[in-house]
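A, B, C and D are the chain letters, set down in written order, and residue numbers restart from 1 in every chain.
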Amino acid sequence: MTALQDKETAVSTSATLSLNLIQAINLAMREEMRLDERVVLFGEDVGARGGVFLATEGLQAEFGRRRVFDTPLSEASIVGAAVGMAVRGLRPIAEIQFADYMGPGFDQIVSQAAKIRYRSGGQFTAPLVIRTPSGGGVRGGHHHSQSPEAYYAHTPGLKVVMPSTPYDAKGLLKAAVRSDDPVIFFEPKRIYRAFKEDVPEGDYVVELGRAAVRREGADLTIVGYGGVMPDALKVADALKAEGVSVEVVDLRSIVPWDRETVLNSVAKTGRALLVSEAPRTANFMGEVAYTIQEELFDALLAPVSQVAGFDTPYPYAQDKVYLPGPNRMLRAAAKLLGY
Amino acid sequence: MHKPFTDKPIQRIGEDGRKIGRWTLDLTEDQLRTMHRDMVRARVFDEKLVTILRQGKTSFYAQSSGMEGTQVGLAHAVRPGHDWIWPYYRDQGLAIGLGVSVRDLLAQCLGTSEDLCRARQMPHHFGVRNYNFVSISSSIANQVAPATGTAMAQQYLGTDEITVCTFGDGATSEGDWHAGLNMAGVAKAPIMFVCENNQWAISVDFKGQTASTNIAVKAHAYGMPGYYVDGNDVLAVHSVVSEVAERMRAGEGPALVECLTYRIGSHSNADADAEKQYRSREEVELWRSRDPITRFERFLAAEGLSVDAAAIRAAAQREVEDAITATEATGTPGWDVMFEDVYEDVPAHIALQREYVRAEQEA
Amino acid sequence: MTALQDKETAVSTSATLSLNLIQAINLAMREEMRLDERVVLFGEDVGARGGVFLATEGLQAEFGRRRVFDTPLSEASIVGAAVGMAVRGLRPIAEIQFADYMGPGFDQIVSQAAKIRYRSGGQFTAPLVIRTPSGGGVRGGHHHSQSPEAYYAHTPGLKVVMPSTPYDAKGLLKAAVRSDDPVIFFEPKRIYRAFKEDVPEGDYVVELGRAAVRREGADLTIVGYGGVMPDALKVADALKAEGVSVEVVDLRSIVPWDRETVLNSVAKTGRALLVSEAPRTANFMGEVAYTIQEELFDALLAPVSQVAGFDTPYPYAQDKVYLPGPNRMLRAAAKLLGY
Amino acid sequence: MHKPFTDKPIQRIGEDGRKIGRWTLDLTEDQLRTMHRDMVRARVFDEKLVTILRQGKTSFYAQSSGMEGTQVGLAHAVRPGHDWIWPYYRDQGLAIGLGVSVRDLLAQCLGTSEDLCRARQMPHHFGVRNYNFVSISSSIANQVAPATGTAMAQQYLGTDEITVCTFGDGATSEGDWHAGLNMAGVAKAPIMFVCENNQWAISVDFKGQTASTNIAVKAHAYGMPGYYVDGNDVLAVHSVVSEVAERMRAGEGPALVECLTYRIGSHSNADADAEKQYRSREEVELWRSRDPITRFERFLAAEGLSVDAAAIRAAAQREVEDAITATEATGTPGWDVMFEDVYEDVPAHIALQREYVRAEQEA
């Protein structure tokens, strides 16, 4: 998989490594911790264990127990501690073991992290990152598969990010650590190890709030983020073989999201298919759909269409039926193209 | 009467199987044999499940090996199908001890058509209505406040039921754990909180979890007694739990019981290779040598009660094998169960989604 | 204010009272508790104090401390206890003092209440009601003004309701208590005492999932729910005076929402203005907008338009600027009509 | 050294102002006078704010009258601008005792242009960067885990700062309270948790809040000392807090300090009329008679230190009046502050919304 990288991304690197997404995340943290003493990393099992997915492997060994440590089993403690450290001048990276377990830390996220800058008139700020694996496809049932990004996207004061490539994962995470705002960094766990990509060693960031155009095309725009992206690209390639030219936009940042890139694309193609895996009702793509039809009403050749998860808790055995796969996307694309 | 807040764990028998202190056995030979058999069945269940996991028949499993003293001791001290249980995900020994059939457990692990939970939860997250064994949530400690609610309902309804809520040592750090115990204290609800302290929460040891001397002392915070029990001593667990349960039925309010035990297996299959990074083999071996089943067998022998351990194991193995065959034969549920039980009925928007998938499946 | 009541609502009543919204809520609880011993009511300060808004006034006096009681200050305890009681056969009504304080109970709501039926294959269910005052307009700053309904609307397994009239408040709350599913019942606090209406004493329910058409019209559909409804009606009346005929749909139920009524209306008018007060990004109306444009693409005369809250935490001093009032609705309506 | 976990509250002076037990005063005359003056200033602040609330100048106020012993005793035992405070919404006496200017407090209450919090929070939710007095969140107990994080940062940075986290009795029931204390225990972070136990959480009394004998014993659950202090005895509070703070700076880890006091006013103006429904006038009167200021004045008199209470009150009144006049003169911020400080910069979608409102405002 190749990515059309942002032009303005400043890359000043030494070597290039072939990494999968989780390795790129590990590298981003390692580099940021080497660069900035204020960066500390903690969560459940992130120390000796290296995280249940091994995202933090080797980091305690390199940076010691003062900077990389396990916490008691409490997401409220983890997020709360991150807020308090950030307020006192550190740059904490807090891992929540699964996005499904953000619940006990929810009030800390929405009432403290998201609002402390605003409520204090900018006197106190919470520059922290909450990293957490999210999404389905790993036979985890409804407590290891959910995609809760809409909750956080609907909470002013938070930035919300989800990479879909190793290159972006590294660059976005570095940008998140350096951001002066709290960032919820969702990691699409089903593609943690799906493929490798060339990732530069050393310093570059992928700016928060900018989408990437992964394929250029003229007939249809597919917008997605996170774990659905590889399938979206497959669909684009399959349609290309049939002579349909699909533009694929990877949002990467959910808040703020890149209205300009999406609107430019749909203005050109006239058709938008929005792909995500969270339950359909009141998911984040509803916002994108709303914006597209509001801004491009006259340019649209067909209604904005969604392929998403269903309005059920995430089921264990029906995992494959639940998740939007290439077939479902193709069907929706065909409907749009034939509208 | 057992004393709360002891410095050392309450014990009834030593590692050598001999009685500690003076007490009289209030269990029949039959009860003792059943207890023993259930412990073996739980152990064998673990072994078999690890095997079929390797075969790819199920995708998740968390052993309770080493914790049978706690789980079976507890199970035999409550009234199955009368009392209510809000368990956690490592409670197969508790389920077996209560009388839940191995087949029901396996149906859930394999997600077959007779899975009472309809293949919607991860394997190993049981729920059995007949036994008031409430469906397990993966989210650590979030059964605690609901368990208190169930006990409050029992109190409101004027029943003599009690509620038992189990959880690990790690769970005690969650805010919801506190919320549940504190409310139970205020309500004087008939609930027993049982901590299966196996000394690790995945890779985090007890000292990394809390600075308190043990879990039992945390009961001070809720105005309830806290019992510190040797969880590898099935008779100690049984005795403390029985006594506390009866007091609870008489309206004496909640209690916290900590059973100190150890998980000798890996946290779950997902953790199997990682273990060596966080705990020493010596520690594991030490606790293996403190096996609750062996200890109980020594006691039975000392009491002159012979058990044919090999035969019991063999029977338990057959029981699991037969259950696997039988439940596999029932097949697996269709895709459409996915759209049921979200609500009592299927509302229009979900019905539309079901039709959408139906068209897809039929194409 | 008069409401076009549902035709099928079975009303078998003795007398009619003139009540405001919060009185109607009080009456609904009183009646349900009289009818059904399984109904119990609890929360912070709901007993002797009668609730900080007095929604539960007099109920402890009538039903005693066993059935109406104060809890410790913990929303996780409150929601959790409701789940456990419901599982054991009661019909709990739990009050959360402000919707802003659902945060500490969030995991109980989304992981227990919403999923227990599903994950247990229907063996265990949680028929409970969580009542909570929500929305702005009371100079409460961001912890006494938020409208978090989108979080819960995005959580399969929950029903979500918000009345805007005394009649509906009573009928919907009674339906919620009788529902076998967990219902989040938002009470628009700024109109608790805004007006009175005739409310029958005795038994009737307003079915969950059905919208009400408050005004019939041909040129424009305004869809809203909760606290924005009185202003929406004012706008309809003002436009009527100018010769514009506005249909006003009050959703009443957010999950499930009444697609049919909304789509029928917009099919007729060709223009939809969606009004709510939660922050715009990823709010619930995005879902309604998405559905309208998907189903009625060819019938729409203008893009679906929203008037909503802004993407900031709810501000204290700028309360009046933040909230969508009649002027903002009129401006949006004019834009739609002139499209 | 003060002892943790005493059965009775630690006291230094009795209601009659006389010393209890043997101890030597380690405060200068000047310090004693400042302490007294700050208590009076806090009381007067309450009185004045209730008055201007009636005038409609502000819309929310929660008195701390009766709790000045706790708040001022605490304030004078920490290092202002050096130590960090995560306060709760009833801490005006703490802010005043630390040295925060009455004008800064009033600017927030009135939402004027010089409000450091830019008129975004409810009145009476202060935040003052110079004093490391972290902006208050209304959400009960959710400052606790962040406070622990601040203390962990102090530890990480190798400072000799400590963090103080205050909260009411009701707050101790929240899950986040537990989460914060438990983590602090494990981390051995330099944090003092101070419970201002005024015996009521709106209409819920202590027994309705928890079944524990007091709040201090809850420290057992976190492996830290718990001090039970008479919160109406400013010298007892000052002494315990000073001692604990110094031990904390030396690396001895966290502590919980419960100050038993009473709120003699209503919970807030929103609760003013409802009070009689839940607590008796006799109870309120009893605690009014235990006024911490009067008690301290008796002590000062017994020590031969005369204070001109009337003059101090009058000065405090003038201070508040002048501050009101001065801050009101600065006007109120414009509508557009609403769109700032959501993020470091104003992202495009919020800028669009700001332009939308600008057009509206200019129309």
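Note that in this section contacts are C-beta pairs under 8 Å (C-beta built on N, C-alpha and C of every residue); 3 or more make two chains touch, one makes a residue touch a chain.
Small disclaimer: the values here were computed from a predicted structure and weren't measured.
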Two candidates, A-D and A-B; the one with more touching C-beta pairs is A-D
Distance-maximising chain from chain D - centres being C-alpha averages
B
If you average the CA atoms of chain B and of chain C, how many Å lie between those two points?
40
The distance between the C-alpha centres of chain B and chain D, rounded to whole Å, is 44
State, to the nearest whole Å, the distance from the C-alpha centre of chain A to the C-alpha centre of chain B.
36
Could you list the positions in chain B whose residues touch two or more of the other chains?
120-121, 125, 137, 139, 142, 173-176, 179, 182-183, 186, 208-210, 342, 349
Listing for chain C: what residues touch at least two other chains?
71-72, 74, 76-77, 100, 103-104, 107, 111, 115, 118-119, 141-143, 156-157, 280-281, 310-313, 315
What topology does the chain contact graph adopt: line, ring, star, complete, or other?
complete
Taking the touch rule as given, give the residues of chain D at its contact with chain A in the complex, in rising order.
84, 86, 115-118, 120-121, 125, 127-129, 134-135, 137, 139, 142-154, 156-157, 163, 175-176, 179-180, 182-183, 186, 340-344, 347-349
In the complex formed with chain A, which residues of chain B make contact?
59-60, 111, 119-123, 125, 137-142, 170-171, 173-176, 201-204, 208-210, 270-271, 274, 277-278, 332-333, 335, 337-339, 342, 349-350, 353, 357, 360-361
Residues of chain B defined as touching chain D within the complex
173-179, 182-183, 185-186, 188, 207-213, 217-218, 220-224, 253
Give every residue of chain C touching chain B within the complex, in rising order.
40, 66-67, 71-72, 74, 76-77, 79-90, 92, 104, 107-108, 111-112, 115-125, 156-157, 159, 179-181, 209, 256-257, 259-260
Using the touch definition from the top, list the residues of chain C that touch chain D in their complex.
44-45, 47-50, 52, 70-77, 100-101, 103-104, 139-144, 280-281, 310-313, 315-318, 321-322, 327-328, 331
